[in-house]
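Read from first to last, the chains carry the letters A, B, C and D; within each, the first residue is number 1.
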Amino acid sequence: MSEYIIKNGKVYDPKTGIKGDISDVCIKNGKIAEKVSSKAKIIDAKGKTVMAGAVEVHAHVAGPKVNEGRNFRPEDKLFTYQPTGKNTRMAGGFSIPTTFKTGYEYAKMGYTTVMEAAMPPLYARHVHEEIKDTPIIDEGAFPVFGNNWFVFEYLKNDEMDNVCAYISWLLRATRGYAIKIVNPGGSEAWGWGENCATVNDPVPYFDITPAEIVKGLLTANEKMGLPHSIHIHSNNLGNPGNFETTLDTLKIAEGVRPDNKFGREQVLHHTHVQFHSYKGDNWANFESGSKEIADYFNKNKNMTMDLGCVTLDETTTMTADGPFEHHLTSLNHLKWANVDVELETSSGIVPYVYDPNIKVCAIQWCIGLELGLLAKDPMRTFITTDHPNAGPFTRYPRIMKWLMSDKTRQNMLKGFKNSDKVIAATNLASIDRELTMYEIAQMTRAGPARSLGLYNIFGGLAPGMDADVAVFNIDEDRIEDPEDIEKAFSAADCVFKSGTMVVENGEVISNGNKRTLWVDAKIPMNQQVKRDVQMKFLKFYSMNLNNYEVSNHYVPNPYVIEVDN
Amino acid sequence: MSTISINLISGRTIQQGASMEGGKDTEKYMKACGIIEIDDSDFKRLDIMKNTNVKVKSEFGEVVVKAIEATQGPHPGVAFIPMGPWANSVTSPETYSTGMPTFKGVPITIEPAEKERVLTSIELVREKCRGDE
Amino acid sequence: MTKTITDVICPFCGTLCDDLIVTTDDEGKKIVDVENACAIGAEKFISASNHQHRKTRPRKLQEDGSFKEITYDEAVEYTAQMLVNAKKPSMYGWSSTSCEAQSVGHEIAELCGALVDNTAAVCHGTTLVAVQNVGIPSCTLGEVKNRADRIIFWGCNPAHAHPRHMSRYSIFPRGYFTGKGQKQRKIIVVDPRPTDTAGIADVHLQVEQGYDYELLQALRAAVRGQEISGDIVAGVPKEKVYEAAEMLKSGRFGVIFFGMGVTQSLGKDHNIDAAIMLTSDLNNYTKFSIIAMRGHYNVTGSGQVLGWQFGFPYSVDLSRGFARYNPGETGTIEVLKRKEIDAMFVLGSDPGAHFPMQCVKEISRLPSVAVDPHITPTTEICKVHVPVAFVGVEVGGNCYRMDNVPIEARKVVEPPEGMMTDTEFLKAVLKRVKELRAD
Amino acid sequence: MDIVKLTLTKVPGLFLEAENITPDHFAGKNAQQIGELHVHLGNQTAKISDYFSVEGKGGATAADTRIIVSGPTDKVKYIGMKMTAGEIEIQGNTDMYTAAWMAGGKIHVKGNVDSFCAIGMTGGEFIVDGNAKNYLGASYRGDWRGMQGGKIIVKGNAGSDTATFMNGGTIDIGGNVDVHLGTHAEGGKIIVRGDAKGRVGGQMVKGDIFVLGQVERMMPTYIYKGEEEAELDGKKQLFKVWIGDMGERHGKRKGEIIYGKIYIPSDGAEGIAAATHVEKKKKLTEKQLDKVKEVFKDQEPTVQQVRTYIFDSFDVDMKPMQVSRLIEGLKR
């Protein structure tokens, strides 16, 4: 394997504490090394920025609903296609790109690890087929647990050992990475066309509340010592006044300490918080609740969040929150796809146009950025768009520009059609913080890697870590035009994935050696759980138990994180 | 004996499915699909005996099949040929620019053809594709 | 001693039953028995095992209309040359094979600038078009089993086309919330014929053939409590329309299953569009889903693989080096009718039997290859026939059920000596195509 | 205005894709440069000059450029795609996607056009002297934005699915249209001067459709609202008005629900009311009807029985649905 030395770049690396100092980065045998031999290929990064490969903590990039989104939106592909290249397959789509394009676009932006945010266990095989066809980037997927009948029944009966044994089994059966909770209880209620709007709404016929589900799964997660914490999308997403439900959910984690061997410091990750930080009680008096959320978050250090920034594009919303998508289609009258999955979850998809001339959309845009600016700890605050819900992931460079430049933000604010009303309903106009390059590295590299329990391999440039490195043609001290930020982060100068150069001058030159990350929690299946699983498959599933587990050839290049508690 | 006009639909039957999986070059497939199911009242209009051969014609082609009594009837005014090359000899390739031919709802005429033979699927496509060249 | 293999997937229809039990002889060469399968599924396993009836080597059509045996290498060469030299080849079928084979096929198509289309073109293509217009509120088949108390079969006849559908998922099973099984369910069948499925329905609406669209829109108006013009709608008395609307609204969880009766009749995508919107409307009153009764066992899988690789579920045109889609232009029926293509590759389908004759004639005129385990009307008119092992019997691979649930098919017996699988054949063609294009 | 004359000199074997034939691409180029622009045939790329002779030159801007295309262009697709200004005149027929996503300027086709012409059109003028096939002025698959502005005039007939998802603009068809007109429309104006085959305004949310001939079979979800005066061709006329689609959602304006509207001229609208019922080609006489009534008095006959009886007794071949209606009538 080739050796490389990246010389003279400004390095930003929270892992080693380098904050823009000129420093060399050595790559050898796929890892970051102390030094390299004289044969090493020299990359001159003078006047450029060097960071670890970025880690995506939450995006919908593979699986049944992503693909339904692709297939039911041919118009999303119109005039977006890049033809077959020397090293690349043809690639197209805007808000829901093809798997090939997903891999290429992430890599071009210097992202090297991506987590698929919601995997319905029954469709796990599909998720892995797509992951297999997504080049370059390492990927993992979070199976959803928040509406699972096994979980409901064990938690209701207070059988924590059985919850853990079941979780361990399902992570293995689906080759999954972490416990994802989407609208706990609400997606099951959607099976009857209903919803759980607060943490105390009982789930129909299961005699359990969202709060109990979250608390139970959180306890199980720490008992098992999994690398990632529970990863939650709480109830009541997208509705005015929902910030209170969000706070109620976060409070469940109060006082709980993390218990794991992976260096993870949080017990709860709340995703796309922008969608959960709304005040007001209808769309007319809709306003930002970012202050309340950020204040709570700043005080409680055992949690992390990602932003879910609105990018003001035409996009496709998709979530395992079935009732929300039904609500959305009744608002915008655009096509609506829904899939309820037996015993496990639901999901929905609706295209959405975030029009800057619409007041609500502009307020949403403000809230996402406000959260990023009001949150004091960038190691606990990560940039996402909840791709593709608030916008496609390809807009990350634009979000970085907005977070780093007060001027661009104020110009945007002034340019809105309902500028005065938007400013009145939000806090953004009065926030002048500009994030630094180091903070960006924390929010996109070190922070998410630590939150996922992967900080010993990804998200940093310490010797021994995986050689995922990105070089961007920008110098923090010489930014003349904020547009340069977006330009530089859109197409990296070069990107290494596990020591292989995959991007050069903004073009993909290699498909790398993509891996699938999954967590083997190693808790043996007890007799009770075994019997329950067999019984439920016999009576209520439409598939036989023996056809459920994802076999190894769908995960041809696994990276198994073993948990030994 | 007379010629009648009728609305043709096609579709799957369990016999069509099973014989197809058994092999489309078999006699069994021809017996399952080289037929037209006609309502009792339309048999009367046609004035022929059941289980005799008829010639089915449409704007798009013609084919000889055996007329049998409707198995899932009554459906007066509607005739049924199981999906397969016999049905497709007369179905409409009109798609209305959707890519989908109109396999159901084709105006056809049926006339008695007792003397003519029903071809096997292989014979049929051979005749249609090579016969007229 | 015989061997028993359980949890076998049935490679016939989109129901994709996965509880078959297959018994083979001790060498694993011949199938002795098939349990749990319907008549069609059992026939598929048994006939695959009947080796004498099968061709085991490729054949080439001669001037005189006879076939001459050729080697697999020769077949690979012919196929690769044909695809590389064509200006606009079509690669059609893909519904009776695994996702693994489809994936290799797509790479060939991308390199050759071909059209890729599956049997949705003559089956549920218009469903996919409707879904693109208005979406689709749907659910998995297990949801139907556990919750549904209103079942509508619209223009489909599962008693014949999906024989175990009613017992496994829709009418008879007892699920978590449906302990009483059929007694708890109301069944409505909409069909111009009193089909065998209609025979077990509580209500049969005998719609005038070709007027489903009118009936569906009238039902939507009735659900909204709106007025309808005329006394009879598409052959159904107005009062019955209002009654049916009430029956749908009064359920707790309803499902509409629909088939070729609406996708292939006049109106096509519009019929399904209206049925989907009816489902969507009903969600304002209760819970409702709609599921397409997909035909081939892996036509759904083809749509999925095409979807994540190119972004469109069928009728994908890669000729310009990027993917385009519009079934009214790029659909296989259209390109054959309009003579837009100059070579035809068929795998996992039988257009010779299932396309209108005008299109079949066009295939026979073109340079053409058919890959199929059986002798079919298609293999009879193509220039080269490549027999391969049966997917789901002699080789495994991933498949997608009609509700998009992926299930991995199993291999139960060995193929006849020296036969290639379709994935192996495609990989050999891909290799040769790459060589030819490098020159 | 500068003129570019393109004459097709070589008929393509398969179909030719020529989205580069627009004033936008030709502006600022001389004949040779225009000839260098690409056309595509399947997976092959060729030059315009391989298939066309090129004379003249493009104007300084698209608006200053006029293109005249002649020769047997029946198999040429995409002419005028996405054009924003200028003019194209096509002497013969063209194939699919002519004027697709057109935003401005003018295209005049003297012959016929195929399907998907002027899809997603946002502005400009598209005139066809002959006939247009299906999906004229509709949306691209999956898009909810069909024709949004501009004007389409077809002097002959148009095919099925005309104006699907129309949101704005005007379509004026001189002849007849096939099924499914203005499906899902949410605005815009459609005028059909001949007959409409049926399913007019299915799932329409909003918009106006004028049919000056006959509607073969009106949707059951359209309700007759009486006569109303409306303006057409610059003069006020009296129309019979149907509103709908009653199965579809509708918005409100000033507390009033806004429906889609179908206008049919009050004079010469005879038979329109009848059009809501099935055509009666083979009708029973009053006498025969009485006979049928008598025979099946106090019975609940099946359609099959009645139909066979009528066929046997009067040699009238009635459609089953007519018979079913007849039976419903007998009950009352």
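Everything that follows uses one rule, which is that a residue touches a chain if its C-beta (ideal position, glycine included) is under 8 Å from a C-beta of that chain, and two chains touch if they have at least 3 such contacts.
Predicted model only: the values in this text are computed from it and were never measured.
The interface holding more C-beta pairs in contact, when C-D is weighed against B-D, is C-D. Note: centroid distance chain B to chain D, computed from Cα atoms, is 33 Å.
Chain B and chain C have centres, each the mean of its CA atoms, that are 22 Å apart. Work out the mean CA point of chain A and of chain D, and you get 46 Å between them.
Those residues of chain C in touch with two or more other chains are numbered 129, 132-133, 266, 320-321, 325-329. Counting partners per residue, chain B has 74-75, 78, 96-97 as the residues that reach two or more other chains. The set of chain A residues that touch two or more partner chains comprises 72-74, 76, 334-335.
Contact between chains, per the stated criterion, is found for A-C, A-D, B-C, B-D, C-D. Note for the complex: chain C touches chain A at residues 6-7, 9, 18-19, 99, 103, 107, 110-111, 128, 131-143, 145-147, 168-169, 175-177, 252-253, 280, 283-284, 286-287, 289, 303-305, 307-313, 318, 320-323, 325-326, 398, 400, 403-408.
Contact residues on chain D toward chain A in their complex (touch as defined above): 139-144, 249. Of all the residues in chain A, the ones that touch chain D in their complex are 72-76, 78, 333-335. Partner chain B is touched in their complex by these residues of chain C: 12-13, 38-40, 43-44, 47, 53, 65, 121-122, 125-126, 129, 157, 159-161, 163, 192-196, 198, 209-210, 260-261, 263-266, 268-269, 295, 315, 327-334, 337, 350, 352-361, 364, 374-377, 380-381. If you check the complex, the residues on chain D that touch chain C are 13-15, 17, 40-44, 96, 115-116, 134-135, 140-142, 144, 165, 179-180, 183-184, 199, 202-203, 217-224, 245-248, 276-277, 320-321, 324-325, 328.
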